[in-house]
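Next come two complexes built around chain A: one with chain B, the other with chain C.
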Partner chain A sequence: MAVDTTTSQPTATAAGGDTPARGPRRTAGTPGRLRLALGKHWYAWTLVAPVVIVIAVLVGYPLVQGLYLSTTDANDKNSEKQIGDFLHIPASYKNVGLSNYTDILFGAHTNFWARLGWTVTWTVSCVAVSFVIGLTLAIMLNRKVRGRSVYRTLLILPWAVPAFVSTFSWRFIMNNDRGFLNHALQALGLPTFDWLNDPTMAQISVVMVNVWLAFPFVMVAVLGGLQSIPGELYEAAEMDGANAWQQFWNITLPALRPISSTVILLSTIWTFNMFPVIFLLTNGGPGDETQLLVTAAYQKAFTGLRQFGESSAWGVLILLILVVFAVVYRRSLRKQGEVW
Partner chain B sequence: MRRGIAASALVAALAVSMAACGSSGSTSNNGAPAAGASVDPAKVSGTVTWWDTSDAKAEAPTYQKVIADFQAKYPNVKVNYVNVPFDGAQNKIKNAFSTGTDAPDVIRSEVAWTPELASLHYLAPLDGTLALDKADDFLPNPVAATKYEGKTYAVPQVTDTMALFYNKKMFADAGIAKAPATIDELKADAAQIKAKTGKTGMYLRGDDAYWTLSFLYGEGGDLVDAGSKTVTVDNPAGVKAFKTMKDLVDSGAAKTSVTDGWANMMSSFQSGDTAMMINGPWALATVNKGGDAFADKANLGIAVVPAGSGGQGAPQGGHSYAVYAGSKNVPASELFVQYMASAEVQATLTKELGVLPTRKSVYAQPDVASIDSVKFFKDAVDKAHQRPWIPEGGTLFAPLVTEYTAMLSGKETPEQAAKNTGDAYRKNLGWK
Partner chain C sequence: MARSEKRSLGASLALHAGLGGAALIAVFPVLWVFLTSLKPAGRETSSAFFDHPSFAAYGELLSKTKFLTWFGNTVLIAGFTTVLGVFLAATTGYAVSRFRFPGMRPLMWTLLVTQMFPVAILIVPIYQLLGKFHLLNQPLGLILTYMTISVPFCAWTMKGYFDTISSEIDEAGRIDGLNPFGTFWRLILPLARPGLAVTAFYSFITAWGEVAYASQFMTGLDKMTLAGGLQTFVNQYTQNWSMMSTASVLIAIPAAVVFVLVQRHLVAGQTAGSIK
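What follows is the complex of A and B.
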């Protein structure tokens, strides 16, 4: 999307003498910069307009609404209602400034910091493990193995199944009385685990399931990256006497950096907000041991008398965390010479 | 791409902020729907959409059959039956009611929802309408849950309370003559069952706060005292109840799980892996249907929930029919509610599903009164512990289930769990 508006002025002025036939006719006086930009690039604006409008409606409006609600005490009771065709109850919530935020961040019984701590732990472990597994599998599949396409298809399957379906299956598999996993362990004479009922075990279990869901994306992306590394590099390295490890460390990894940085950024954002796995597997339990920031916000918004104001504030805080993360991450990559 | 990253961060986090986006339809018409006190039932016409939250497999077919009878009787009224899964139904109902878009005309309202929905102005008052027919015939306890600020907003459909379900054969095998009357007896029986048969005594449902209530009442405690606006869950009785539940699990008298509690409890009880569970009449359809240990229906014993040190009691639950205040078919909806809550339909539902009727006259019918579960539950329902019928009733369970599971999984002590629940209530309700 390189609509360059900065250079339009000189070009346009130069062309001002003899107006090209296809351009709009200009009246006397120096035209404004915006008008020039619009005039020159009207086709570009027309082309992007649908996207801009759709994003404004789908993203911008709820975002602004959410920001606004987060400064109010809106809940089920005082928000606007249209009951049938006859009864309209206008909204009666009021502005409470930033008190939702201060309650969440510094309130006496806030669980924000505990949930943030777990969300970060969860995100880091999920992304790290799924990246390592995805990378390893991609490297294995990049070789000429018999039946490679079969392996690839099978390994992409977790990605192809909708997350809620596979999460439900995992919930059955991990059931401690009747689940397949404990039956299998028992049959093999191994100790069984209380997969979803023990606080620590439940945390490990949710990470396991999410890794299972997430590694195919890493694998596919990295596999694409691997196949674009020129073979000459490896040939040259071999000539210089580099062993397999040195080749991996000095050629493969640096060549994969553009792909892997994008993959890590995207996985981090997805994992940070991975609602279905937690909600369907443990519903945040036992206690709130596996409750992420998003599922905690959901709980505020959708249980009992729903607190729209407070949960919007949670949403905005989550958004801020992710924006800050994305900006910092991008900066640090740019310092390393990456451009994307 | 550079710009795309920040944008994708925005989009990713957006789902959360979208959750909070309320409705903004704002056409305000004045004028009232015609209320139908003096409507002739035969002339009523319209379409009634009913959102039913009953079990889609075990119960819904019977309701659909009853609706077919209704339509045969009143051909001018078309009933649109929709089965909505109970989990999440409350949100769905509130969302539909707040905008009026695709909203149902009649809902099956859980007893605790009625005061909340009424306080939000979503329900039509039913006093003096077609819907409330022979009001004196209803049992007083279910009726109490349909009132909000003196008006009637719902008509009782079924009532329920909880009881101790036990496997008679397993009791006999272990040499136990009768169901335990107290928690101490329950522990002793469980130990005996373990010793004689190797099976676990009881399954304690660990993922639903409703299952804590009989223990709380057993110690003389309660969640809150609505009269004095006091939080009581963490008083000494409450703490004792938390300790009792934890002790049942720690001592091996009961098994539990904090995920999939319902399915685990039912399959464990039905397959004869555990000898007891605390449950309500809504479980009867499943237990009676489900072979295994209960292929012979007579094997199921039902007894009053075991008493604690401070009393004995199980919560009163149930469902009612409520009419949406914005319904375009109010008379038809009222007529439908009248029919569904009639003695005739209640008797059918009880005979087919084992649910408990809410009309005195139905209990008096000989073929209903002879049903075992009805015989037992009739007494239990009369003695059931009333819950606080306040709009905030629905907010009480979320903090409780968090602390309950935290305690059962060993993350918190009973004392901490009780205190944290109380703190959450004080914060949510603003009570002392």
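What follows is the complex of A and C.
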């Protein structure tokens, strides 16, 4: 955090000071450009002001603070504390430069890369599977089928139930010796699995549960997209002798492109940062097998020594990865001629 | 649009089988929790669908645990988050949809990027910030925190909604002598009711089911929200399945009620928000 201690005069260009560049502007012959802008835009600015304030105080400040913490050795012991009303212990952590980052990225005992690998696997499989399932169900629901609204309501249910409730239910169902799933498999004479404690099965299970949670969002969004495709397009195609598959490939899919790209972007970000499913289903276990970057960072901050500094560095790295992803994704969409 | 279709019987059956199967999987975990909550103590893990069903566990949950307190806390927090979040998102969405003003693009970008913030980067600073202002274990602290999650998404959704409302309506309002706020409040907002419903739904569900912040910020047994409270039923050695399933059912009901109220609008609202 660069605190400007040298308040010397000539660098008073705009942004820094409290009363910026009033004089120069006047003399530059554009009197009251600010006032002009204010007159023109005041209502827009008033309308967005509350959000700007909320974001600045509750996201901006914590973000800056988080960036700063990531360069310190802050933990629970050396952070600022207030015990009772009188005893105030000031913060005593110190700046350690980028050593949190180098430890995470290159340290001998770092588990960052392993966790990153799993997080990417998890995100890709969750997004791909839930997208395909959501798309398929949306196309089925878009047909004239009896009981359509009943089906739709039932299929959106996983979205409507709080994740911690349904996660609990899944943990109960997947319980090794008392869960419904293994009981049912046993009754059918099929092999049973230790769904949540076997390393590979646990990874498959968390993906399954997350797909279950995520597909309704895709389905609803795609369904909206499908309903906005004009029916004449299909009629014209039919007249031209296009079969169902050709219609799907040449009309439906292209029409769904804009909505799909948004859905995939949002799902990717949400899945990458998915907290409750892992935290409540396996808590990262067995071992570290299902630990995502975000749950690993959380654990660092709130269990054991409470390494706030290191945890913040994890957070910054996660954010960087996502921003890079979003920029690349957006650029590749643009290249394909999509304005977004 | 659904086309005029002549389907074979086989295709119809396949369609129903597919949708029915998917619906069954979608519903089963919720149904199973409900059935479990009806089973008597000691038989929670029975695989039978019905096993001496009774509501005894509900009585026990309500009388012997802090469930009602947690429930009240969560209603308060989710309610305020929804009202405040939707209002802020609506004003911002309207401004961004209607006016070209300096700072608009950066604002849109900020709102988008904010959605990428992992819990991990904000939770420690917010924790310390709330601690500094004595807002830990206070509903207000959690409400403010939840705004950071719900407002950005809701503002984007609302912008998409307002974009679909013709700006001729604004002009008509102006001609009739309404100022911009009057136009927004009296003309546009009522038209955007479906969008408001969707954002309200999203804010409510977010606050109702949030786990990470809630379990760190609200730690007093009297201050917990449902997400945190439910975790007290599980510890390393024993899991009180009966209490948990009973609580789960009671937690899912309000969410489902809100959901049923807004789901008519869900399809349309989501699209408008996502495409634009």
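We take it that the second predicted complex is superposed on the first by the 306 of 340 C-alpha atoms of A that agree within 3 Å, B and C clash if a C-alpha of one lies under 4 Å from a C-alpha of the other, contacts with A are read in each partner's own complex, and residues count from 1 in each chain.
Just so we're on the same page, a residue touches a chain if its C-beta (ideal position, glycine included) is under 8 Å from a C-beta of that chain, and two chains touch if they have at least 3 such contacts.
Everything numeric in this text was worked out from a predicted model, so none of it was measured.
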{"item": "Touched partner set for A:314, first chain B, second chain C, both or neither", "value": "both"}
{"item": "Touched partner set for A:282, first chain B, second chain C, both or neither", "value": "first"}
{"item": "Which superposed partner A:198 touches (first chain B, second chain C, both, neither)", "value": "first"}
{"item": "Which of chain B and chain C A:47 touches, first, second, both or neither", "value": "second"}
{"item": "Dominant toucher of chain A (residue count), chain B or chain C", "value": "C"}
{"item": "Touched partner set for A:236, first chain B, second chain C, both or neither", "value": "neither"}
{"item": "First (chain B), second (chain C), both or neither touched by A:158", "value": "second"}
{"item": "Partner chain(s) touched by A:269 [first = chain B, second = chain C, both, neither]", "value": "both"}
{"item": "First (chain B), second (chain C), both or neither touched by A:63", "value": "both"}
{"item": "Partner chain in contact with A:143 - chain B first, chain C second, else both or neither", "value": "second"}
{"item": "Those residues of chain A which chain B touches in one complex and chain C touches in the other", "value": "59, 61-63, 65-66, 69, 79-80, 82, 175, 178, 266, 269, 272-273, 275, 294, 297-298, 301-302, 308, 311-312, 314-316, 318-319, 322-323, 326"}
{"item": "Interface residues, chain A side, partner chain B - complex", "value": "1, 59, 61-63, 65-67, 69-70, 74, 76-77, 79-91, 109, 171, 175-178, 196-199, 202, 265-266, 269-270, 272-273, 275, 281-289, 294, 297-299, 301-306, 308-309, 311-312, 314-316, 318-319, 322-323, 325-327, 330, 340"}
{"item": "Parts of chain B lying in touch with chain A, wherever the complex brings them together", "value": "1-3, 5-6, 8-33, 91, 94, 97-100, 103, 116, 119-122, 206-207, 255-260, 264, 267-268, 273, 324-328, 391-392, 394-398, 401-403, 405-412, 423-424, 427-428"}
{"item": "Footprint of chain C on chain A - complex, ascending", "value": "37, 40-41, 43-45, 47-48, 50-52, 54-55, 58-59, 61-63, 65-66, 69, 79-80, 82, 133, 136-137, 140-146, 151, 153-166, 168-170, 172-173, 175, 178-180, 183-184, 187, 212, 216, 220-221, 223-225, 227-231, 234, 258-259, 262-263, 266, 269, 272-273, 275-276, 279-280, 293-294, 297-298, 301-302, 308, 311-312, 314-316, 318-319, 322-323, 326"}
{"item": "Parts of chain C lying in touch with chain A, wherever the complex brings them together", "value": "1-3, 5, 12, 15-16, 18-20, 22-23, 25-27, 29-30, 32-33, 36, 45, 47, 88-89, 91-92, 94-96, 98-99, 101-104, 107, 110-126, 128-129, 131-132, 144-145, 147-148, 151-152, 155, 179-181, 184, 205, 208-209, 211-212, 216, 226-227, 230-231, 241, 244-245, 248, 251-252, 255-256, 259-260, 263, 266-268, 270-272, 274-275"}
